[in-house]
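First chain written, first letter: the chains are A, B, C and D, and each begins at residue 1.
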Amino acid sequence: MFKKVLVANRGEIAIRVIRALREMAIRSVAVYSEADRQALHVLMADEAVLIGPAPSTESYLAGSRILEATRETGSDGIHPGYGFLSENASFAKACEESGIKFIGPSWRAIEQMGSKTAARRLAMEAGAPIVPGTEHGIEDFKKARTAAAEIGYPVLLKAAAGGGGKGMRRVEREEQLEPAMRDARSEAERAFGSGEVYLEKLIERPRHIEVQVLGDEHGHLIHLGERECSIQRRHQKVVEESPSPLVLVKPELRENIGEAALRIARQAGYYNAGTLEFLADQQGNFYFLEMNARLQVEHPVTEWVTGIDLVHWQIRIASGERLPLQQGDIQWRGSAIECRVYAEDPDNNFFPSPGKIAQYVEPSGPGVRVDAGVYPGFVVPIEYDPLLAKLSVWGETRETAIHRMRRAVAEFRVLGIVTNLRLFLELMDDPRFVAGELHTGFLDDFMKRVRQPETDRTSLIASILAAAHSEGARASDLTSTTAPSPVWRTEGRRALLR
Amino acid sequence: MTFRVEIDGQEYSLDVERNGSHSEYRLLGLINTSGTASLAEVMPGVFSVLLENRNFTVHLVPNGDNVEVWTNGQRHMISIADTRDRSRKNKNLGPSGPMEVRAQMPGRVIKLLVQPGEAVEAGQGLIVVEAMKMQNEMKAPKRGSISKIRAVEGATVAAGEPLVVVE
Amino acid sequence: MFKKVLVANRGEIAIRVIRALREMAIRSVAVYSEADRQALHVLMADEAVLIGPAPSTESYLAGSRILEATRETGSDGIHPGYGFLSENASFAKACEESGIKFIGPSWRAIEQMGSKTAARRLAMEAGAPIVPGTEHGIEDFKKARTAAAEIGYPVLLKAAAGGGGKGMRRVEREEQLEPAMRDARSEAERAFGSGEVYLEKLIERPRHIEVQVLGDEHGHLIHLGERECSIQRRHQKVVEESPSPLVLVKPELRENIGEAALRIARQAGYYNAGTLEFLADQQGNFYFLEMNARLQVEHPVTEWVTGIDLVHWQIRIASGERLPLQQGDIQWRGSAIECRVYAEDPDNNFFPSPGKIAQYVEPSGPGVRVDAGVYPGFVVPIEYDPLLAKLSVWGETRETAIHRMRRAVAEFRVLGIVTNLRLFLELMDDPRFVAGELHTGFLDDFMKRVRQPETDRTSLIASILAAAHSEGARASDLTSTTAPSPVWRTEGRRALLR
Amino acid sequence: MTFRVEIDGQEYSLDVERNGSHSEYRLLGLINTSGTASLAEVMPGVFSVLLENRNFTVHLVPNGDNVEVWTNGQRHMISIADTRDRSRKNKNLGPSGPMEVRAQMPGRVIKLLVQPGEAVEAGQGLIVVEAMKMQNEMKAPKRGSISKIRAVEGATVAAGEPLVVVE
C-alpha cells in the first residue's frame, strides 16, 4: 500500500481524495498555486507544496513541477482527480517513467480513449452499439453527403478532437450540410487546433446515461450500474442521479448497458475506475459516445446506491490489489441525486460569481452528503472552475430523494457570492423532473418555463424587520426620528404578495 | 424608532418599538400591516424572526450602499435610511449623456478592444472580462465615442465597477 | 397524512424530526423554553411557540402547556422525540383524548413497558429469555436469600421503578445480601419514590445489545436488526454500532435475538418504533432487559445499515399507513458507528461544559452523518442534557467505519467549550475496540489505561507561531522589543517531544 | 519581533521576522530550533501554518488572560507577553493562608451548605453547583472557617469563579 500520495488537484475533488487517504492511513500531500494558499485542500492535507503562480498552465497543469513536488515530498503515488492532468497520457507516462504510481488507468488506455474516433472504433470492435455515423473524420463534402444520406437526417456534425459543444452543428436537411460543415470545421480548428469533424445520427430528446466501471490490474472488471446526467447547461452537467429514471421503468436497461460498457472497457484493457458515456433515446436504445478515463465528478451517486467507495478502490487497485467483488455482489439500493453548486448567477445569464463567502452553512442529517471545496470566509478565486460543492442525497425511493434534496438545498446557505442553489429548489418541484421525463435539453426548456416563486408577504415583512433591527443596532444614535410625511405609495396589497 | 425602507424598489415606512426581545411594528407602504415580532441576532448577520408563530431566518450581507437580504432562499435588496437623506439616489444617466459600461461580473480584464477617442457603434465589443474560465464581452450601450477607459488589461475588477465611458 | 406536527422536544432530536417532516411536506412546529429562543430547533422549524421558563418541568415536561400549543397552532400530531414526554403514558393518553395523534406507540404499551417487572413478566409470557431473577419486587430478606441461592451468586439488586444505576448493588456472597438490600432500597426510594427492588443474575462482562422493531397499527411487526451499545459511562451510552461485533462472529445471533424481540413486542401489542434491550454474554446467550417505547438516540446506525428511515416510518405509521416491508425485505449492508458528542471534559472528571461555542465545523464527505443541535456562536445552556451532536459513519466493513470515524472526528471542530471528541480519536485507535471485544465496563477500563497522546514537537511549534502571529497582529505597536535575557530553561529536547 | 511565550507551563523565547506570508523564526526554550514558516489567518482565530511542507491548522480561542490553542485535536494553554511584565503570575495561596474554592464547571448554584463564620473540616461539602443535570459538590480544601461566601443560591457561575473562601 502507498505511504504517501500527492493529490494533483484542487477544490472539492482534492478534498475527496485527501479524505479517502486519511481513511486508509496514507499521508496526503496537497499542491497549490499562489492563488490557493488559503484553499481548503491546502488546509486539509498533511503536507502542502507551492507549485507555481495562479494560472493553471503554470501550476495545476505543470506536470513537471508536480512530479518534482512528488519527489521532494517522497510521495509514492499521485492521484489526479478529474480535469487538469487526469486524462493526460503523457503525464501518466512520465509518472510511470519516474517510478511514481499514477492512480488511474494505464497511459495507453488514456491515450486510446483520448480520441473520440479511436474510442468509437474500439466500441465497434467490441460489438457495442454506437450512434450511427462516420467512423473517421471526413474531409470531403461529397463523402459527407453520402454518409448523411445513409445515416438518415437529422444528423449532427461533431469535432473529433474536443467536446463542450464547440464545432457541433445540427443538420436537418441535405442543403444545410455544406455550410454547416464549413462552420463546424472552422470552429473546431479555432477551439482545438484541429478541424477534423465527423457525422452522427441526431437522436431527438436524448438522455445522457453513463456506466461506472471498476477493474483491477489483473484483468477483472465489473460495472456499478448507470448514472443519468441529462440535466445539463451548455454541455455542463448540473444534476446527476442513479438509478436513471429510465432504468426505473425499464429495469433490463441496466444489465444491457452495463454489459456493453464492460465489453468496451475490456477491449481497451482498461483498469481502475472509468466511465462510459452513452446517449439513450426515450425507448431505451443506447449508443456509446465516449469514455472518461478517470474518476467522474458525479461518482457520489454511485457510491450512495452501491455502497462501494470508488476512491478507496482506486487506491487499492493502484497499489496492486485484486478486486474481490464479483458482478453478482453488486446490489443497488434506493435512489441518489447530486446537485452541483456553482458560483454563478442564474438571474444574470449564469455569469460567474467569484468572491468572498460571507456566510456558509452546509446541510446535514440523514441521507445527505456534501463534498465541498470552500468554507466561510474563503475568497473563491477567479482563476478556476466555479464548482463550489456537490450536494448529494439518498432516499429509499426517487421520490424521497427528491424531497430530501429540497430539504437539504433549503438548509444550504452560501452568501456573499451568488450561487445556483435556488434553481435546485425549483427543479425539485418541477412535475416533469419529478416524473423523470429527462433529456439533455431539459434544463434549457426548464429555464424558459420556470418562474421565480412569488414573494411571500410575511417573509418580506420578516426581511424588513431584520434589516431594521440591524440598522437600529448600528445607528442607535438615530433614535426616534419624527414620523415621516406620508409620501409612500400605499397601493394596498397586490396579488403578488400572498 | 422610524425607518424609511426601500426593498426591491418599493418604499415603506416602518415604526418599531422594542420591548425586550419583542418588537411592536407598524409597516406602511405596498403592504400595510402591524403586529408583534420576536427578533434575535443568532450569528453576526443572521436573524431569527418570529411573526406570530411563523419562523424566518434572515441573512443580511452588506452589498455596497445596500444590504442583500436572504430569506427562504430568496434574495432582496434593502436600503434603510431616515427621512433626511432621501435625496441620495442613483441617477440614471440618460442615453443622451455619457454612459458607463460596468463589469457584469467580477473577473480579470483580458482584452481592451477599443482606444480612447475611438468611435463605436451600439453593440460593438469594447472589453473582455474573464472569470472562472468564462469570457464576457462587454458591448457599447449606444453609438458614440470612447471618452474614458478606466480598465487596465490584466487587472481584476469587481462586479459593477465602471470600465469604459461612451459619450 | 398529517398537515402540521408539533415537535415536543429540543436539541438534535427535534431537528431530526423537523427534517423528516420537511421531507414529507408536513409543516413543523417547534416549542421552546425561555432559555432556548436561539436554539437551533427553533431556527429550523416552520413555526415556534414559547412554552415556558427554562426549567424542563415548566416547559418541555409541561404536557398541558404543550397540548395547548398544539391546539393554538392547529397541529394534528405530536412527535415526542426521546426523553421528556416520550414515555409518559398519561401524556400520550391526554393527546388521544384531545384528538391529537401521538406519534409513537399506544399509551397502553407505554404504560406496560414503563415498569421493568411488568415488562419482564411479559417477556416470560412471550417465551423470551430473561436474566434469571425474581419476577416481582421483593420485600422480605428471607425470600431474597432463597431466590439468590436459586439464581446463583454473583447477583444484582436493581430498582423496579428506574434506571441509571440508582438503587443497583452487586452482591458477591450471601452475607453481603442483607446490607446491600437495605442500601439499594433506600437509594431507590430517594431516587424514584419507590423502594421496590428485585434480584437478577449478574452476567460478567455483559454486552448491551438491543433490537429495533417497527410495526404498523394493523398488527404487522418486523425487526431491523441489532445495535451494540456496550460503550457506556455511568450507564450513559457513548458509542453505538450496528452490526454488533458479536453478530459479525456469530451471525445466527441476529435472527435469534430479533425473533425474541418480536415475540415480546407482539405480546405487548406494540406498534410504531421501539427498542428491546438485552444483555448478552460473550458466548452469545442473551437476556431481555427492558423495552424503550420510543425512538432511540442511536437510531441512525440502524438507518445506515438497513436504509430504512425510522422517523419517516414513525410518521407514516402514525398516520395509519400499513408498513409494506416484510421481514425478508430487510437487508443489512456494511457497518455503522455513532459517537455521542457531549459538552463534557474528559480531562476534568467529565464535568459538564456549557457555554458559548466559539468555533464550530462539522465533518462531511462520504459516509458521514451529523445530527447536531448547535451552531457556531450558540450558547449551550446549563439547563439541559449535554448532548451536542451525534456523529455517525458508515463503511463497507467495520474496519472502514472505524477509520472513517477517526477521519470525521479529526475534522469535527467544536471550540470555546470542551467536548469529549478527542476521546473518540483514542478509542478508534484502541486495539481492543478495533477487535470488537466490548462489554459494558469497557469504557471505564479504557479510561484507566488510555494515555494522552504525546505532543508532537512540530505541532507545538506551529501552535506557538500561530499564537505569536495573532499577538503580533493585535499588538503591532509592541514592535521589536530588545532581545530577552537568556533566563529560559533550555533543557534541550526531551523524550516527550518527538 | 520577539515574544515571550508560555505554553503548558513551559517558557520559550521566540524571534520572528515576517517577510510577506513567510516568517523566519527562532525558538529558544525546551525546544531550540529555527526555520521558515508560512502563516495565514484563514478565518478569525484559525491559522494555517506550513512548517517546511508540514501542514497544521491552529485554532485560537481566548480564555481569560491566556489563549487556548487547538492543534491536531490537542489543547494547549498559551500566554504571550513581552519581557517587561513577567511579574504578573498567579500566586498560589499556600495552605496556611485563606483558600478560595472555585467553580469547577459553569453552572448554577443550587445549594449553599455552610454559613459565613462556620467552622469546616477538610473535605466537608460547602456548595453544590449544577449544570446539565449533573451536580457537583465543592468541598473544603482544608480545615478552617468560612471567611467569605461570594456565591448566591440560584445564580449562574462561570468555571473558575471564586465561590467560597476558607480561612
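Note that a residue touches a chain if its C-beta (ideal position, glycine included) is under 8 Å from a C-beta of that chain, and two chains touch if they have at least 3 such contacts.
Only a predicted model underlies this, so the values are computations on that prediction, with no experimental measurement involved.
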Most remote chain, CA-based centroid, reference being chain C: B
C-D compared against A-D, more contacting pairs: C-D
Rounded Å distance, chain A centre to chain B centre (Cα mean): 32
Centroid distance [mean C-alpha coordinates] between chain D and chain A, Å: 49
CA centroid of chain A to CA centroid of chain C, Å: 39
Overlap residues in chain D, where contacts from two or more other chains coincide: 43, 54
Contacts with 2+ other chains: residues of chain A: 375, 410
Chain A - residues contacting chain B, complex: 343-345, 348-349, 351-355, 358-359, 382-386, 409-410, 413, 415-416, 421-422, 425, 452-453, 455-473, 478-486, 488-494, 497
Contact footprint of chain A on chain D as seen in their complex: 21, 38, 40, 42-44, 48, 50, 53-55, 57
Of chain D, residues touching chain C in the complex: 1-5, 7-8, 10-16, 18, 23, 25, 27-33, 37, 39, 41, 43, 45-47, 49, 51, 54, 56, 58-61, 67-74, 76, 78, 80, 82-84, 104-108, 130-134, 136, 156, 159
Interfacial residue positions of chain C with respect to chain A in the complex: 15-16, 19-20, 22-25, 44, 300, 303, 307-309, 311-312, 331, 333-334, 361-362, 364-372, 375, 395-396, 400, 403-404, 406-407, 410-411
Partner chain D, residues of chain A touching it in the complex: 29-30, 37-38, 42-43, 45-49, 72-73, 375-378
